[in-house]
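There are two complexes below, and they share chain A, which is joined by chain B in the first and by chain C in the second.
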Partner chain A sequence: MKIKKKWLVIFLLPATLIFAFVYAVPVAMLVTTSFTDWVVASDPHFNGIDNYIKLFTQDTQFLHATTNTLLWMLLQSTIHILIGVLVALILSRKKFYWKFTRTVYMFPNIISSAAIGMLFVMLLNPSFGIVNKGLEALGFQNLPNWFSNSSTAFFAVTITWLPFAATVTILVMAEMTSLDPAIMEAAKVDGATEFQTNIYIILPLMKNIIGTTTVLGATSMLQKLDILMMTTKGGPGDVTLNLPLYVYNTAFSAKQFGLANSIGVIMIVLGLVAVGLINRIYGIGKKDY
Partner chain B sequence: MTNVKKVVTKVLIFLFITTIIIISVGPLLWVLFSSFKTNKEILSGSLGLPAVFSFKNYVDAMKIAPIPQFYGNSIIVAGVATILNVFLLSMAAYVIARFDWKGKNFFRMMFSVGLLIPGAALLLPLYQTMTTMHLHDTLSGLILVYIAFGLPTTIFVMSSYFMGIPKELEESAYLDGCGFFRTFRTIILPIAKPAMGTAAVLEFLLAWNEFQFALTLTSSNTKRTLPIALYYFKSQFASNYGAMFAATILVIIPSIIVYIALQEQVVSGLSAGAVKA
Partner chain C sequence: MKKANFRAILAVLLAGVMCLSVTACSGGTESSSVSSTVEESSTGESSEASSAEGELPKPVELNIATFRVGTHNAAAAETRYFTEFQEMYNGVDKQKITLKVEEMPSDQEYYNQMKVRASSNTLPDVFEGNAGVLELAVENGIAVDMNPYVEADPEYAEELGEDALAFGRNWEDGGLYNISYGLQAIGYFYNKEMFEAAGIEPATTWDEWMSNLEALKTSGVCSAPLSMMTGENGWTTNLILSSIVGTSGEEGNAFMNTNGYIQSYQLPELAEALDMIKVMFTDYSLPDAVGSDYATTANHFLNEETAIIANGPWMTPDFSNTEKAAEGFADKVGVALFPENGSISQFERGYSIAKSDKAREDAAWEFVKFKTGTYGQQIHLEEAGTLPMNPDTPIPEEYKEANPLVAELISKMADIKWRYKSIDAISYTTVVDAMPTIYPLLIDGTIDGQGMCDQLDEAAAKDANFGK
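After this line comes the complex of A and B, so read on.
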């Protein structure tokens, strides 16, 4: 259908203005000032790629934050996805518990991350937390203070998000309902066990959606600031420091604006590379029909 | 042999699903029960129900942090952001989905770019943009940012739905002399209610739960939202555990209620949202 210019402009204007204020202008600022020496209370001066060189050659905190972020992205795109897919395969058999399980599994994903952080701070509290109490009851002794012990902090932070893969489960299950039941029937007639059907027939057909959830899982690790602020604040030392928290510290504590924005640019690039890489691995975008 | 295998598989599945359920609900129940306990009961680490159900912790929590104020702010921010997000972005989704015009694909692409930008990268630039526009430390600033964060999802959910509505509907409305905006408001939007519900739930949860921008874009207590209340507790009143539990429950409850009430919308919204990613 055709549309009058007047109405087109009126209908597009609000969305476009919102996009401009919150994405276009800030991203333009981010990229341009990432090539400057801008710090608080001074004017930015162009300094080429000095910030980037400094980050990669001298800044050990940045390098730590990057390795941690990459490691978390890797864990989230493998173990997290595996758990989610496994739950989806089990629940798709539609046994009596499937709906209840799908509903409650989603709880940790729909409540505020700040609350999740708080929840784990209390669960893992060394004096009254249920985890240490439980382990003591089982006979374990000298239990660590999980979040502040440098050998357990990374693990403690990781379990606040790694097992909660309900979005993966929901997406894979939604995709499975679109499968032609005749395929499963045929497999059954040919004598395939349920396990074989899952591995050789269903999973390959789920390739695209698993790829998509992997993209979502990996890129979500470029957003994790809230849980860290609530739990370890990146410590002890830099053990649980990641890029979002390092951006936050550089921008709002150290007030190194130019440098913070270089890290922001690196995060965006990292996200794009991850999306490209995962799409390639899963062959997303290539139509196979 | 096959029977043994079957039993083992069943047991493994049972254990796995039980673990999933326990890690999802267990901590929430523990916090819920603990929120009614005395500090002494909490410190003794008892697992069971509190001896007496007391609301003292909730009263304390309200006293320590300005929780009613934060609650009010959260309701305003999430409510207004949801209404404006769904209404304003439906307009854009409508012209993108149903009309032919030059530059349509450019706009479609542009509106999905937001998905590729990690929010934390924008913390500082948005802080500065908002300060320049005098929107720092205002609820309007937060609302604007949350509308934008939900922009890619809402436009996608709405335009996929609009595409499925038969064109004859509008054509006959125009023939009857119904204007463009009135057709949109009185004919198209009512039909698209299910999609609006989906977009609204996702936007509400986003705005209700958001933490990092609420923390950086506001600075005074009169402008802060609920997730920040927890941060407050954590840093300043760390020894009143009962109040901490109560505050956590106060933050969690609305999200859980909205989710349980509108679960199908969340599920279909997530599925629709993922297709574009």
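After this line comes the complex of A and C, so read on.
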């Protein structure tokens, strides 16, 4: 038993040390300095919860960024997941097109986000973009500058990531392969239609993986920076500003490191709340049968 | 038993692979982050001492960082500086000074890194101090006051000219923390054929400017006469905005010559100018001007889709570059001062030296002196189209013949009535960064000129250095 424990410690030690230095120490520093007035070229001084009060009571940009981030988390947890699961259900029928579709659907997920951003900048360009040209050919006029108009920018940015749910599809399809064929056969014998099988048998059994992908989808919205940098930089105004971009602006443009770290802490809290909430909704880890 | 052994071996192997992969990953991350942002290359020769080295100061290796690489318009000038400096300071006739050059992919990346380094006292020996970098270095006491060097070398001081020196000494303590390398003199370029076809001449007033735009549009010469942009730092747009305000009268001109940074954007002339800018976007620019970057907007002018672009003389090489413009395009381009004889006329901030040991500071000074003296100014003029700081700096006739537009601009400089700075040069970084996101609101009608002034105030107040 003692030998086992020794090996356990030896094997866990490298990962624990790496975690401590790469995550735990920076997070501790982040939290500590979020209670300071640290700006560039000055030492941090403790200022209590002033940064947090300022953010929630005076900083309208922060409030807009938070609202946008929450909205994107919600969209990513619902519509994005729904699309991914639907595609998985369709492809699981393994018709002649399934391999081709699966590969093509994966493309946006293997291209770098920056390239995706550039791609959409070109597609939605108001002068030569294929979208406006196509709509013009269909008779539409006065088409917007999608990324630069305050009434279309949010939609334009959202469309760069919302439909591309290949990761969800792949994970759900992988989970489907582990289903006991006897259950499906029993459903068939009982005369269940394909729709009924999907709704009453497959989807409930996919609950854990759908919950997990929802966690991944929601928290990915707390990391979204590159596409915004390539497309709108948070504009027009703060229509497409999210929390990661606001942290970047606060740290590197405004040079207010203490305030930026406060936003970082709020993002961590948001992430934890989202994970907890989704776990609870889906009952991840609990067995149904 | 066999099964247990197999599991144990597998576990050990797995742990080994994991450790290796973690090690490899961490190493890989470090090197990739370095190579993605900073590419190091030494332009120096091998460190073998020369015979004369004994009499000369000890060899020094200077750390330099630059963003003038690749397709940057001053990349050729930078390469020439480095090469010729190395040849000169080769350890035979002069001290051996080797340059260890860090190449950075963009000026934005450069200044972001320099800000961090200025805070942590790890600046390169010679650095550029835009975007608040030098303010940080001076505040932290890590920038070298170059006054003693200049005072000891009156010939060099003359090469710079009094105005450029006064610009460098524009600090509270009178320290000379930056030495400029050139003068930005900016007007606008126009397509002479298009102007002729529309029956117009370069405008002398802003009313005439607007009527010119209308004439270009209604005559069918081009649907969108202006090359405007809001992307990146909204450069070409901000030049026109600065000019409208800078030529609007004494108050507007004083605003555009603000010493330091603008503390408040509440100026009626600015609000009116922004309303004019809105019209220029909505009525006289291409649909992709909102959100456009410099490359796109320049491309429209080079492809004769637009008739006017505001920019400095460094753009002129593009007019005769057949990869960017059609053969003979350069002959179609004219240059003019802004209406009311206005011109953005400001010194480049130039170079600064980071505090170090005396030998290193002295070597860094030699490099700064090389880049900013008469010869250095000529290199910048020839290779990058930056005008010399000192009006007495001789401009070779061959250069004038090869660059008639720059020569024309230099000759027009005598007519300048209003001199002013660009709005980027006198705005906090937060404002410069916010402008590309606020312009679209102005253009789509969400806010008006006054509304944009209010938003610029809000952006300024966010800067850590605001009010200091």
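Note that in this section the second predicted complex is superposed on the first by the 265 of 289 C-alpha atoms of A that agree within 3 Å, B and C clash if a C-alpha of one lies under 4 Å from a C-alpha of the other, contacts with A are read in each partner's own complex, and residues count from 1 in each chain.
Throughout what follows, a contact is a pair of C-beta atoms (placed from the backbone, for glycine too) under 8 Å apart; a residue touches a chain by one contact, two chains touch by 3 or more.
No experiment lies behind these values; they were computed from the predicted model shown.
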Figure out whether A:I209 sits in contact with chain B (first) or chain C (second), or with both, or with neither. first
| Of the two partner chains, chain B (first) and chain C (second), which one does A:S148 touch, if any: first, second, both, or neither? | second
*Could you tell me if A:I130 is touching chain B, chain C, both of them or neither one (first, second, both, neither)?*
first
**Prompt:** Which of the two partners, first being chain B and second being chain C, lies in contact with A:A41: first, second, both, or neither?
**Reply:** second
_Let me test your reading of the model: by the given contact rule, A:P26 touches which partner, first (chain B), second (chain C), both or neither?_
first
Larger residue footprint on chain A, choosing between chain B and chain C, goes to B
Applying the touch criterion given at the start, work out whether A:I18 contacts chain B, chain C, both or neither, answering first, second, both or neither.
both
Between chain B and chain C, whom does A:L8 touch in the aligned arrangement: first, second, both, or neither? first
With the two structures laid over each other on chain A, which partner does A:A254 touch: chain B (first), chain C (second), both, or neither?
second
Residue overlap on chain A between the chain B interface and the chain C interface 11, 14-15, 18, 121, 127-128, 252
In the complex, the residues of chain A that touch chain C are 11, 14-15, 18, 39-41, 121, 125-128, 145, 147-151, 153, 232-238, 249-250, 252-256
As the complex stands, chain A meets chain B at residues 1-4, 7-8, 10-12, 14-16, 18-19, 21-23, 25-27, 29-30, 33, 86-87, 90, 97, 100-101, 103-108, 110-115, 117-123, 127-130, 133, 163-164, 166-167, 170-171, 174-175, 209, 212-213, 215-216, 219, 222-223, 225-226, 229-230, 243-244, 247-248, 251-252, 257, 260-261, 263-265, 267-268, 271-272, 275
Listed in rising order, chain C residues that touch chain A in their complex are 11, 15, 18-19, 22, 112, 115, 118-119, 132, 136, 139-140, 230, 286-288, 290-291, 429-430, 433, 436-441, 443-444, 446-447, 455, 462-465
Chain A partner, complex, touching residues on chain B are 13, 16-17, 20-21, 23-25, 27-28, 30-31, 34, 42-45, 47, 88-89, 91-92, 94-95, 98-101, 107, 110-111, 113-114, 116-129, 133, 144-145, 147-149, 151, 155, 167, 170-171, 180-181, 184, 205, 208-212, 215-216, 226-228, 230-231, 233-234, 241, 244-245, 247-248, 251-252, 255-256, 259-260, 263, 266-268, 270-271, 274-275, 277
